[in-house]
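What follows is chain A paired twice: with chain B in the first complex and chain C in the second.
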Partner chain A sequence: MSLYEILGTLETGFIYGIVALGAFLTFRILDFPDLTVEGSFPLGAAVAATLMVSAGWNPWIATICAGLAGFVAGFMTALLNVRFRILHILAGILIAISLYSINLRIMSGPNKPLLMVDTVFTYLEVFGIPGYIINAIFLGVVIILIKFALDAFLATGYGISMRAAGSNPAMAEANGVNVGKMKLVGVGFANGLTALAGALFAQSFGAADAYMGIGVIIIGLASVIVGMSIMPSGSIFLATIACIVGAILYRLAVALALNADFIGLQASDVQLVTALLVIIALILQQSGNLRSIFRRGNKR
Partner chain B sequence: MIRLNDIHVTFNKGTPLETRALRGVDLEVPEGQFLTIIGSNGAGKSTCLNVIAGLTKVESGSTEIDGKIVTDWPVHKRSRMLSRVFQDPKMGTCEDLSIIENFSLAHGRTNPRGLRFAVASGMREEAAERLKVLGLGLENRLDDKVGLLSGGQRQAVSLLMAATGDTKVLLLDEHTAALDPKTAEFVLELTKNIVSSLKLTAVMVTHSMAQALHTGERTIMFHRGRIVFDAAGETRDKLEVGDLLELFKREQGEELADDSLLLG
Partner chain C sequence: MTVLLRSAVAAIVLGVAATSAYADDMKKVAISTIVEVPALTDTKQGIIDALAARGYVDGETITIDYQNANGNMPTQQQIAKKFVGDNPDIIMPITTPTSQAMISATSDIPIVFSTVTDPIKAQLISQYEKPGGNVTGVSDAAPIEPQLDLFKEIVPGLKKIGFIYNPGLDNAVATLGWVKEFGAPRGIEVVESPAPTTNEVVLATKKLIGEVDAIYIPNDTTIVAALEAIVKVGQDVDLPIFTGETGGVERGAIASVGLDYVGIGEIAGNMAADVLEGKPVGEIDAVIAYKTLDKFKVVINKGAAERMGVMIPDSVMAQATQVIE
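The block that comes next holds the complex of A and B.
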């Protein structure tokens, strides 16, 4: 791989790292398997692109608005679950499906190219460093800031309440924690991050697309699982690092698999490769090694 | 401090499984009293505790705690006034949080810390001091995850947590039942010390008649959703497990179906 390719992989890895931090918050902290991200990732892209192209907004403000839109989407999913007792997975699918139509409405079409408009990356040109380098550096800084903000939040009174709400809801309630409220805020927050990632992805990629959310949930989850299975994740500080490293490794693995011509994979196989990666990581996590899975009479 | 007025609770209403768990329970626990509740399985003792805690919705009747009508309050709101220790040691503490974070969470029950750092200055010293009393060496393990502790240790920590902050009422749901006899004894002594030193109003549900009679200062017995027996003061001091069984048989005119009451 060339430096150009490696930096490109890092760029995407950092963006997916933001998704991974969101997945960490829902899956690991809140114990809320949230599928909304399939819709909130393209939602962030659609909102940012439309505000920038059609409304001529400043890209920074458009990106922040994208994050807010994602928060609302996640909040709605948690509301369906908390208030109306709809199963969390189903609630996420319902919101993601409805977001598909909403995204088409927002963009008035299946995609929105970001041609001839300023993106947040345009602002980085003042540094006079080639785009493929400064973009990766910028996204690296962004994700590290988000990581530290998340770490700090999870160490506040509100943060440990959220951790307790996911880990032991009955105990959390007995200690005055409003578990439902924690889910609303936490899932909202996670989708805000995902939409932010979607907005950045669209600007890095050059277009927003209604289909770009497909597989995002698995990418986020893959990053969390891969990161946590190869790195120590005993504390929140380490766990969030593991998520980011997982996202980068995941991107590297996919890039290598697709680049290695002898395997004969095409770009369109990326979802299959991702799913296989997650399945293998999950099985390894449970058993420690692959062989025991296939041994008979040794089931847990 | 706690007042239940004509509480009725029915589970699975309108189905073949309909169970009338509480049938007109009136109970008043004055401030500072340590009440113990006994009864066989399904008698309604745990349901009664859950009604006080807010886990179980009442069909009719009202619940009052510290002069406030709390009948419609959710669990987390009531938790500002009362703390609980569960039967399962895993339930009372959060295993993914460290000991000090658990303490901070318990502290937040009465004084929520919001977006300030959870572990306030002075909190570590305070927690260490309380943990030292246990003699388990936990004061040196403040940053260990609670999941690493044994059941007895976790239950002791739960108790200390329940006594953190400005709690007024302590609810104990068979909190020694899942422990080995020696640890159970230790946790029970700790309970007595905490309740008397902090002058808490406490309600303890237990399966053991001996434990019920020798702990606290008043004992009530549930049977089929009603309070069938209520003793305090001298009357209670003279009672022994055998008397209680006799009394129970006479009042109900039937044999006790549940042998577990005889044990202990």
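The block that comes next holds the complex of A and C.
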């Protein structure tokens, strides 16, 4: 694996790490299985691309607007759930499928190229470091900033109320926490992060595409679970690190699968190999426990 | 954390092994596509065939690295990074997003794209003739001209053609422009009949009765969803119905002309061979496949023609690659 590929893998891993942090907020903190992300990721890409290409906006502002659009999408899902009592999973599916049409409208087509406009990555060229290095560093800084912001948020009174609303809604409600409001804000935030990731991914990919969202939910969730299994921890600080590590490991598994053709694997086996590598990583993680089981067996 | 370390080491070891699998003296060709569907695997086959015909045989004179993203954009992105890191002699992306990812990843390594409908709109190139930079390739734009020629052969008095479409769809609007552009020199005038939803398709069809000599149904999902209803109207009033896609012929349209994707791959493969022989990629003209291809998929539905009161001339039957009775 070349340095270029390793940094490229990190780049993609950092971007999907943002998605994983969003998934962590919904699935782990709020206990809200949110499927909106499948639509809000391409929404972020579409909004950023359209603002940059058609409206000629500054890419930084366009990227932030993409995040805001994602917040609205997540807010709508939570609204369907909280206000209209639609099952959370269904609410997410409904918003995600409607976003597919909305994204086509926003981009007035399925694909919006970003190959001939300035992106946030263009601005990094002033540092005079080759793109493939500075992009990875930049995205690394972005995700660390988001991680610390999320940690800090969850440590505030508001954030603790949100955690309470997720872990024990009845108790939280009894203590005066507005659980519905927590869901609206939390799911909104999570989708804002996802859309932000979508906007960054589109700029790194070279285009926004209506089909960019395929599999986002699986990648986000797998990253959280892989991270949590490898680094089990009670603290938010370590848990958010675990999400990022999980996202990077997932991309690393894909990279390995891409390089595994020399042992007779075909290009179409990538998904299978990725899944197997994730499984192996999870089993290896338990190998400590395995060893102790064997030791106990020997003693007897 | 030791697990992390272990997997990282494993990653690097595997990666190095993979990279060294390339023989150093052989030229390297990297091919990728977003997903494996017949049109795309045919394109890939055409590329490999054409390269072999020019003496570039995989495993003998060149090494071909083929990667498929399994429909996954981040995986596509990683493939782009892997290719650039491997530094092949040429990168051959198939489909629009694959090409965009590759072009975004490198402006040095020669890129020959294929099966991209509108490479200018996708910003892969800025012009077809000597596109410059590191990119050229083959467009699979719909073969409107051969289609109109065929329709005119089947309906010799074709002066006005009805065009039913969803004005909200990009590709339908683009196709409308092409049918107008290529119809004009053939003496064919286009009569538009928009139908923004599938429910309005029958009405949009009936509006055309008496106004046109035939109807063209573009590859527009809104309209194609109601193709059977359109075909029924056509049968009731003996109005010939043609489709922009050969799949529609099986569902009751009279005829269509489709692209041979192996042929598209062959054009791209020959461009790649030129690049391997030292020709600067930016000086190779990008092409629209149907303008250079001489063989097409011509599908005729004889039964449908009879039911719409049309006799298929023998000259047309002779061109058919597939006849549905």
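Rule of thumb we're sticking to: the second predicted complex is superposed on the first by the 261 of 300 C-alpha atoms of A that agree within 3 Å, B and C clash if a C-alpha of one lies under 4 Å from a C-alpha of the other, contacts with A are read in each partner's own complex, and residues count from 1 in each chain.
Everything below uses one rule, namely that a residue touches a chain if its C-beta (ideal position, glycine included) is under 8 Å from a C-beta of that chain, and two chains touch if they have at least 3 such contacts.
If you're wondering where the values come from, they're calculated on a predicted model, not measured in any experiment.
K.L.:
Scan A:Ile219 for contacts with chain B and chain C and give back first, second, both or neither.
P.N.:
The answer is second: A:Ile219 touches chain C but not chain B.
K.L.:
A:Met116 in the overlay: touching chain B, chain C, both, or neither? Say first, second, both or neither.
P.N.:
In the superposition, A:Met116 touches chain C alone.
K.L.:
Of the two partner chains, chain B (first) and chain C (second), which one does A:Gly206 touch, if any: first, second, both, or neither?
P.N.:
A:Gly206 sits against chain C, while chain B stays out of touch.
K.L.:
With the two structures laid over each other on chain A, which partner does A:Leu3 touch: chain B (first), chain C (second), both, or neither?
P.N.:
Touch partner of A:Leu3: chain C, not chain B.
K.L.:
Comparing chain B against chain C, which has contacts with more of the residues in chain A?
P.N.:
Looking at chain B versus chain C, the one contacting more residues of chain A is C.
K.L.:
Is A:Gly157 in contact with chain B, with chain C, with both, or with neither (first, second, both, neither)?
P.N.:
first
K.L.:
Would you tell me which residues of chain C are touching chain A in their complex?
P.N.:
For chain C paired with chain A, touching residues are 1, 3-4, 6-8, 10-12, 14-19, 21, 36, 65-82, 84-87, 96-97, 100-101, 103-105, 121-124, 168, 170-171.
K.L.:
Inside the complex, what are the residues of chain B that reach chain A?
P.N.:
Listed in rising order, the residues of chain B that touch chain A are 53, 74-77, 79-80, 83-84, 86, 90-97, 101, 104-106, 108-110, 112-119, 145, 161.
K.L.:
Which residues of chain A touch chain B once you look at their complex with the stated criterion?
P.N.:
The touching residues are 153, 155-161, 163-164, 167-168, 170-179, 234.
K.L.:
Give the list of chain A residues in touch with chain C in this complex.
P.N.:
Against chain C, the touching part of chain A is residues 1-9, 11-12, 15-16, 105, 108-111, 113-116, 132, 201, 204-207, 209, 211-212, 214-215, 219, 230-231, 245, 249, 251-252, 254-256, 258-262, 267-268, 270-271, 281, 284-285.
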